[in-house]
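First chain A sits with chain B, and in the next complex the same chain sits with chain C.
This part shows the complex of A and B:
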């Protein structure tokens, strides 16, 4: 600030009507929108994601496609792989971005400012989730469209309405899980990295990203169903491919019911854990303490 | 609002976890702090690093629970009624790296304004006005990752004022700013408080000049305890009867200042090493005592390079209360930590 800088505008320093500030639901929505903004805008400003999050997943998808073609697997499997590859983007977003976000917010000093502000922390988490969902949907859509075009996948949707409901419920349950994991990762602090690493590949396998989860056997597939992508992906495949239902794990209706249950559990869990985390942060002082 | 800030026997003890085989240790960061800050006041907390200033601010900003006592901000209990305190406060810390590097200065500030419920139109107008005040109008659309440390700190300062809080907490706000920028920020802080009798600032600093120049009242804090609380003028009046001398001498080479401490009439002596010389700050009962000090130096083969009598400063008040300079206290703490 150089000397000779203009004096403060009178609106800033003289007595004036204090600012009108929104509260209640209006504040909640403003917070959600504001916290989603960095994610939405970030996707446009940091273009490197196109390589890492579209090209590289497409390579993984291509590898499975070539294997399935080589062993002359049913043609639906190619479509299964494309849908699984697209949904991978959401899991990566949950694991590496959503879950570890509060930890990073702590490190940069934002977490203390979020807690201190009059907004709800749930709105902050929802903002992160919506921002992440928007950004990842673009990536998933690109993988889906390019993959389907490259490998000439044929879809035969039995019910667009159900397909939409399943997708939305999967996203609600998945991002609810991410919101819940954000508090868990913060509480575990540095060990969060190990959990992310640990969870990545096993979930690819257990959720049947590249093959029908039914092949894992009933008990394993059922155990894997606590991850919303497992049942969500299975239901999407059943609704998008002619022989999908014969390769499905459970009926679509049951899977929708499971997704509704998971959505409720994870969202309530996220809210409870967030309140616990805030309480612990205030009691011990360490959760808002940046190491820098 | 009766009091902007009030604390009653406030204390905080941290439990520091040891290793698997060691017991957790306790660290008393605050002890029996009793403060009353009036609305419209610019109140300073002056103390060395580790004195408990930030802990006190964290409690008042609802980020930390005290282990003893109570605290009220804008007449609301900071522990039991955080939802009522939070809309009325904001905080800026020196050296913080809040916000997102991918966002521009305007976008970062807008985002934080939304968490307080400001309309976008009002927020954007205030962002432009405040950035002009801190000389950053040309950085409105600069990504915050491209800002220097000083500019980033100015952005943080704008963030604090943006929501026009009733009580603003500034924790070492001029940390990382150059001299000119610090002066301008101080001027703005003063004019902001003076502009409305309902605005209050609690400012922590370990810069004596900042506290002296800016604050209506100052509390001197060390090792978690408030040692004195008054206007800077009244605090300095405590030393009005004493004589304060600053002597620059040839290097003491390990002789230390202890040789002067037992001289009759010497109230306190602080010692700082410089390049090629030592600086001793004496608080003496009266002017006559300086003769004994000079004699001791001469007999100890210490050459006097410069001798000055000066008016008391807050630094002298601190030395008088603590027995050592703030720099010495911080150095000792660093050595203990190492």
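This part shows the complex of A and C:
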């Protein structure tokens, strides 16, 4: 150039400005952390959720305890309500903060950015799960500890090892289901919102959140077993209460096997559906548009 | 934005009615136009029926299916009508998050010449209508299949009608209080209205008599208008079971109604104060059109 103005140094060749791009597993983990971060930090910035997410649900669970007291139920049923009430936190998290989240992200304009960015959608969903787990676990733990203390629930754990395995498998299968449902709900668009709304009380009923699922009959309980919380909750009760095994739907070993199967199916399903959804977004270019 | 838009410049009745009518229509469209009428009807019924089903199964497991007892009718009617509490409160309060963070239209609504609290109340109408059908179906199924003790010839229809009229206004005021608080809150929670209603479930004597509660919690129940509302509903629908439980037994229908009316007025005043304060704070802190998606 003959303008007399010295040319600016090219930014492309300046080593100091070159970005250190992550790739592979490092990118995957960074993405998980990045998506979990706003959820954890958001919970710190405005603590009103503690009142609405912990204290109020605790009162709602207490209402079911007093129903059992009013009809003079055996004391163990109060323990069943506390354990079931604590687990509702995870189901709510799956429904609203996992399954519906991609639809919500689409509506708020973030989904297109997620798909364009050179990261894995699986990592984004895992980040959502870990971020959401923080608030959810606090809620579940408080309901469990405070509820057990307030209503003097007596536990008699037969195997801590199995209890831990059942809980972890239930979480893996449940969050796998949430990741899979996120893609399905996104494809369903606005109906997803209503499906989430619909899947609260009916699932509390079918999965036996407040009573042993065995009481619904074998066929109904079996049909409800595709929701990991049905068998997970039943196994937890069997392992934590003296009369749990007599009120159990299937043996703990069988329920563990079902949970392993569900974990594998849901995680593979989530990966497959996410890939399909990404393909659809690229091919048709309509997935990320907001249709109201 | 002028703070006079919705604080002091309250428009005349025709304008209020117009805001209410249009927001009710908008709410109905949002709630119902995502599905065909048949699917929508199923959707509207499954959720409330499942909520009632939980209690029916709990009761059945313990009592061996003794549905003819007064306790079951008490619980069933209370639970069926309590559906209104969650749905009306959610309908009104969720409109804040929906318009602010989903549709992002709240700033335009604030700028438009409408009365914002009236707009919010209108948004609750759709859920009220849907829930009315759900409650009716729940009661019919209860009478037909579960021996719920409602005898049509004994129903006190005028009492039921006037109790519903006052009760719906009371619930609307509670919903407006919650909506006001939501103007200041981040979007952490999806089911805030239902969470609040779930908590109030404990104190309202909806599914068990207040005597079951420890004395200090019972006191909160006596301060809640929903307690008197549900008692009046039970007395109008099933007068024969009203005397079975000691809760509020010494109060006549007129006394109960007077208490309900006074508490509704108190909640009405509280809702105005709460809305004015929260609205002012939200404007001062720039939260009217904030998006807080975690």
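Going forward, the second predicted complex is superposed on the first by the 272 of 292 C-alpha atoms of A that agree within 3 Å, B and C clash if a C-alpha of one lies under 4 Å from a C-alpha of the other, contacts with A are read in each partner's own complex, and residues count from 1 in each chain.
To be clear about the criterion, a residue touches a chain if its C-beta (ideal position, glycine included) is under 8 Å from a C-beta of that chain, and two chains touch if they have at least 3 such contacts.
Here the structure is a predicted model, which means the values were calculated and not measured.
J.: What is the contact status of A:42 with respect to chain B (first) and chain C (second): first, second, both, or neither?
T.: So A:42 meets both chain B and chain C here.
J.: When the two structures are overlaid on chain A, which partner does A:211 contact: first (chain B), second (chain C), both, or neither?
T.: Once the two structures are laid over each other on A, A:211 reaches chain C alone.
J.: Now for A:134: first (chain B), second (chain C), both, or neither, which partner does it touch?
T.: neither
J.: Quick one: classify A:272 as touching chain B (first), chain C (second), both or neither.
T.: In the superposed model, A:272 contacts neither chain B nor chain C.
J.: Kindly classify A:164 by the partners it touches after superposition: chain B alone (first), chain C alone (second), both, or neither?
T.: Neither: A:164 stays clear of chain B and chain C.
J.: If we overlay the two complexes on their shared chain A, which of chain B and chain C does A:198 touch? Say first, second, both or neither.
T.: second
J.: Just chain B (first), just chain C (second), both, or neither: which does A:283 touch?
T.: In the superposition, A:283 touches chain B alone.
J.: Once the shared chain is lined up, is A:70 touching chain B (first), chain C (second), both, or neither of them?
T.: So A:70 only meets chain C here.
J.: Tell me the contact category for A:57 with respect to chain B and chain C: first, second, both or neither.
T.: second
J.: Do chain B and chain C touch any of the same residues on chain A, and if so, which?
T.: The overlap between the chain B and chain C interfaces on chain A comprises residues 38, 42, 45-46, 108, 110, 292.
J.: Can you list the chain A residues touching chain B in their complex?
T.: 1-3, 5-9, 11-16, 18-23, 26-27, 30-31, 33-35, 37-38, 41-42, 45-46, 108-110, 112-119, 124, 281-285, 288, 292
J.: Under the definition above, what is the set of chain B residues touching chain A in their complex?
T.: So the residues of chain B touching chain A come out as 14-15, 55, 58, 61-65, 83, 86-87, 89-91, 93, 96-100, 102-103, 107, 110-112, 114-119, 122, 126, 129-130, 132-136, 143, 154, 161, 163-164, 177, 180-181, 183-185, 188, 191-192, 194-198.
J.: Sort out for me which residues of chain C touch chain A in the complex.
T.: Interface residues on chain C, with respect to chain A: 34-35, 43, 46-48, 50-51, 53-55, 57-63, 71, 75, 101-103, 185-186, 188-192, 195-196, 198-202, 206-209, 212-213, 291-294.
J.: Using the touch definition from the top, list the residues of chain A that touch chain C in their complex.
T.: It comes out as residues 38-39, 42-43, 45-46, 48-49, 52-53, 55-57, 59-60, 62-64, 66-73, 77, 92, 96-97, 100, 104-105, 107-108, 110, 131, 135, 190-191, 193-194, 196-198, 200-202, 204-206, 209-212, 215-216, 292.
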